[in-house]
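Heads up, there are several structures right after this.
Next, two complexes with subunit A in common: one pairs it with subunit B, the other with subunit C.
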Partner chain A sequence: MADDRRRRPALAAGLSLPAAAAIGLGFLLPVLWLARMSFNPSDPDGALREGWTLHHYAELLTDSFYGELALGSLQMSAVSTLGALLVGYPIALFLFRLESRWKTLLVLLAICPLLVSGVVRAYGWIVILGDAGWINSMLRGAGLIDRPIRLVNNHIGVAIGLTESLLPYMTLSLLAGLGRLDRGLEEAARTLGASPLRTFLRVTLPLSLPAVVLGCTICFMLAISAFVTPRLLGGGRVFLLATEIYEQALLTLNWPLAAALAVAILAMFTLVLVASGRLQRRVAE
Partner chain B sequence: MAPGGGHLALAGLCKDYGVGDPAVDRLDLEIGRGEFVALLGPSGCGKTTTLRMIAGLVEPTAGRILLDGDDLTAKPTHRRNIGMVFQNYALFPHMSVADNVAFGLEMRGIAKAEARSRVAEALGLVRLGGLEARRPKALSGGQQQRVALARALVIRPDLLLLDEPLSNLDAKLREEMRGEIREIQRRLGITTVFVTHDQAEALALADRIAVMERGRLAQLGSPEEIYERPATPFVARFVGRVNALAAEAGADGRLRIGGALLSVREPAPPGARATVMVRPQHIQLGSSGGTLSGHVTGVTYIGDVVQIAVAGDGFALTAERGTADPSWRGLAAGQAVSVGWPPDSARVFPETADGR
Partner chain C sequence: MKKIGPIAVRAGVTLLYAFVLAPIVLVIAISFSGDNFIAFPPQSWGLRWYRALLAHEGFAGGFRVSLTLASIVVALDLLIGVPAAYAIARLRFPGRDALLAFLTAPLLLPTIVLGLAILLVFYPLKLAATYPGLVAAHMVVTLPFVVRIVATALSTLPGDIEDAAATLGASPATVFRRITLPLMLPGVIAAAALAFILSFDEVVISLFVVGPRLSTLPVELFRYVEGRTDPMVAALSTVLILATASAVLVVERSVGVMRALGR
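Entry: the complex of A and B
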């Protein structure tokens, strides 16, 4: 098999052509076009003009509003990624260890939220978290609070919604990365006198770190580029990079500035990927 | 009786997974202090389940495990003070050799300096000094095996449990490690339970062998007893090579194949069918004077021994000769031979007692 493949580079190239074409035409070309657009000057009314300028990047770097946006986006992504990790890790570990004919079904169950559109899920959270939602109604009914606790249209709501929307991705990545975990290693630790907690801390957790890094990388990138959830659960009061791109591109119609913001997010992606690659190598040792 | 009295005792130990027959069925076993006992049997006979119950990794359905009279049954694994070597060694891939060996000491809260010297001592015991900083995956199979052994011994366990520790090594290394394990076990005087499906390993290593069949103890005895006086046809077949001959007892209780009277010590119930078992090396071949007559059907030369297949009226068997013994030379297929054996070397298993 492997020899055949080495002997027929033309066949290999031919077979990867469709995928290469799809990525080239559907992804690389638009991204390059977007990058080009971020250097286009724009009129005060937003109209795009021909030419080259660094104006939009200068604006991103000097206007503290964008610095706060970036910081807020990073914070929100970190918090929701951590949330998804804390909720998803036990689920993934449980599913990984499960030896049951129901395993496949339970794995499907863990990722079935992906079948529902993000918009629908966001509205679902509004029903639960809103001022007249289930949680506030219950707390009020129990006489624990007089006024509703604000759980949507603020950062709390966005964090909860993002965490939930990341959870299937986190669970899947962890499941995929847990392969190195061997029940025998945990048993060996137990026979050597390690309590269940110490077995987890010294054996299970270190061996699952590559999976954790993988899951966190994917989720962090998904979170930082998430738009629907922050938009709907933030109620226009939570400003993040992704929502700002939407504002600039579709409401202010300043496409070059939106493009520059998108390039900034891409740069952050690259940084996260490089950092995660380094981390991955360290924890995989 | 076990030397030094019962150190480890299994009393009526059962494990029933709820599907099919119980994995381990009312097992009673007493192991003396410092004794090396092999649990021997084919896969699925319950030997590994038994070992894992002793380790606390499998919860017994019924029965008790006693160590010096203390009931271990409800004690969690990490409080049992046992050293266990797993079939795939189960070395921690994210730790160095030294950290692997030190793990059990760390869990016991032993001070760093003392731990270091004990790790060095344990690695010296398995002749692995100088490899402390390596990761397990940078070691050969034999070296990994030694690390696993050092890791299990360094905690000075009450019991050493070995789960087919040699099965992943090549034949030559296996024999070498076999001798080494035995030597270390004797030197430390540690009570050891060894699980294997390899009868040669069990015979070479163990003080006593517990042969298991379908969750039950088929026979418990010294290697000589197990090999020379197997209690059941299963034990005879499983330990060493054996010829099984279907015989019938006449009205006088004497066993015959065809018309030929067999030379056996034990009588059988009149009219009963019985299996007569004779080891290949006990089969005597000659031109006359034997009890059965047949002809040679094949001669197979396999290096240190030669196997001579013989068939006759109502029987087929294999004799074995060391190749240093010249008597087999000149034997060829088709040649008529007379077959016999010393009466003491034959075991008779009447079919009724066999039950299968």
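Entry: the complex of A and C
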């Protein structure tokens, strides 16, 4: 098949040049410029000044505010990734085992939040979790509480919203991984007398671990850089790395600091990828 | 004992699905609220927020901008993305894999970083808060999908028919026009629909490049939710969900959603 392809380097270059130029100018140049900008000194008036300084990186490493910010981001990402795993695993396993003509529809339903704007879904959670929201009015109706419990504009709301926004990605990753699992192994274990629980713990779960690692990696990275959900459900009271980038870039107008924060997020990405690669290898053994 | 298992499983899975779908279902439900603020269940029901929506200047303006923007973005994406995808899938040249990796690289970066990076370059170039700037910014995150989907669609098509046509004397241009183009059309439609949805829904990058006089619908929506919260957002969201659902139907009819998402 590969040999049927026409060897036309000049034509190929001509055809792909416009697209390459668009990505070069709209992506590569800005990212390089962002890295350069993080070394510029910042001006109290917000004016742009050229120069070379490590001031912002030193600030990120020594100022305890940014340490807490990074820690908060990591914690929030870990909690929501775990939440997505706990909800997504049963769904994926159910869909994997399902033999029904509704299967396609149920898969679509599980991933359809992917197609709905994050802003809309955050608003949906405000309707559910808000002071006059569904949960609070149910609890009040049942006489369990007198005053509404705060479920949004704090870490609880952000964790719930993030978990839900990660779920489709988790379900898709797990479903793809489970697809490679040989169902004959499960049947063999059952035939040999293993209980369903034992079959799950000794056969299904270990075999699905690579998919779990992959799904968790994707979700963790998405969570660390998530902005819309933390901003809207945190109500400006939950401070994370991504919300701080927005704050510094568009409200405080300290672009070099915002750029340094962005570089910090990319550094975390790299660390997560390296850790996940190691974990992936250990799981595979 | 045998019966309890499946029933418990069903109940559990239903509960998990409820968690997945709850925000969307409740947004649609509360859009028919007649109250002044968000309370669920509402005190009264009605269509007043749909009427208010039609009269809202910001949303109407944002809708026009987003529609124009997404249309231009899709047209340019196809114009430059389809030839690149064709080259990647059908031609042999050194650096083919590297080219595909480069063209899809923007998908690896979080939008909050990409948005900031684009602002930092576009602002001094006076591209911020302009149509060219918004179009360029949106192309960065939609072009990779167009290239990937069309290239995947092309590479799964057998090259035999094209070879047969060429052997029978058709010129390369004729082969492309009469054979390749019709074969790849479903992939192109899927790519266009997805690029349209992505551009129309894009919010994070847009937040960095919009201005007071040029703002997109998702940005207006974001700011509205950030500030006040009344059921008007729900009415708008319901309209958007219906619009997305119909766009998805277009994709599903032509290639299937799962394949379009590249998984």
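Assume the second predicted complex is superposed on the first by the 257 of 285 C-alpha atoms of A that agree within 3 Å, B and C clash if a C-alpha of one lies under 4 Å from a C-alpha of the other, contacts with A are read in each partner's own complex, and residues count from 1 in each chain.
Here is the rule we go by: contacts are C-beta pairs under 8 Å (C-beta built on N, C-alpha and C of every residue); 3 or more make two chains touch, one makes a residue touch a chain.
As the structure is a computational prediction, the values presented were derived from the model and not from experiment.
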Under the stated touch criterion, name the partner, subunit B or subunit C, that contacts more residues in subunit A. C
What is the contact status of A:Leu201 with respect to subunit B (first) and subunit C (second): first, second, both, or neither? neither
Contacts for A:Asp182 in the overlay, against subunit B (first) and subunit C (second): which applies, first, second, both or neither? first
Once the structures are superposed on A, label A:Leu54 by its partner contacts, choosing first (subunit B), second (subunit C), both or neither. neither
Under the stated touch criterion, which partner chain does A:Ala122 make contact with: subunit B (first), subunit C (second), both, or neither? second
Identify the partner contact of A:Val274: answer first if only subunit B is touched, second if only subunit C is, both if each is, neither if none is. neither
Which of subunit B and subunit C A:Ile145 touches, first, second, both or neither: neither
So, does A:Ala19 touch the first partner subunit B, the second partner subunit C, both, or neither? second
Overlap of the subunit B and subunit C interfaces on subunit A comprises residues 196
Residue ranges of subunit B touching subunit A (in the complex, touch as defined): 55-57, 76-84, 86, 88, 90-94, 103-104, 107-108, 135, 151-152, 155, 161
What part of subunit C is in contact with subunit A in the complex they form? 5, 9, 12-13, 16-17, 19-27, 30, 37-41, 79-81, 83-84, 86-88, 90-94, 96, 99, 102-103, 105-106, 109-114, 116-122, 124, 136-137, 139-140, 143-144, 147, 159, 163, 197, 201, 203-204, 207-208, 218, 221-222, 225-226, 229, 233-234, 237, 240-241, 244-245, 248, 257-258, 261, 263
Using the touch rule from the top, collect the residues of subunit A that touch subunit C in their complex. 1-2, 4-9, 11-13, 15-16, 18-20, 22-23, 25-31, 33-34, 37, 48, 87, 90-91, 94, 107-110, 112-128, 130, 132-134, 137, 164, 167-168, 172, 176, 196, 221-222, 224-225, 227-228, 231-232, 242, 245-246, 249-250, 255, 258-259, 262, 265-266, 269
Residue ranges of subunit A in contact with subunit B within the complex: 180, 182, 184-185, 187-196, 198-199, 202-203, 206-207, 285
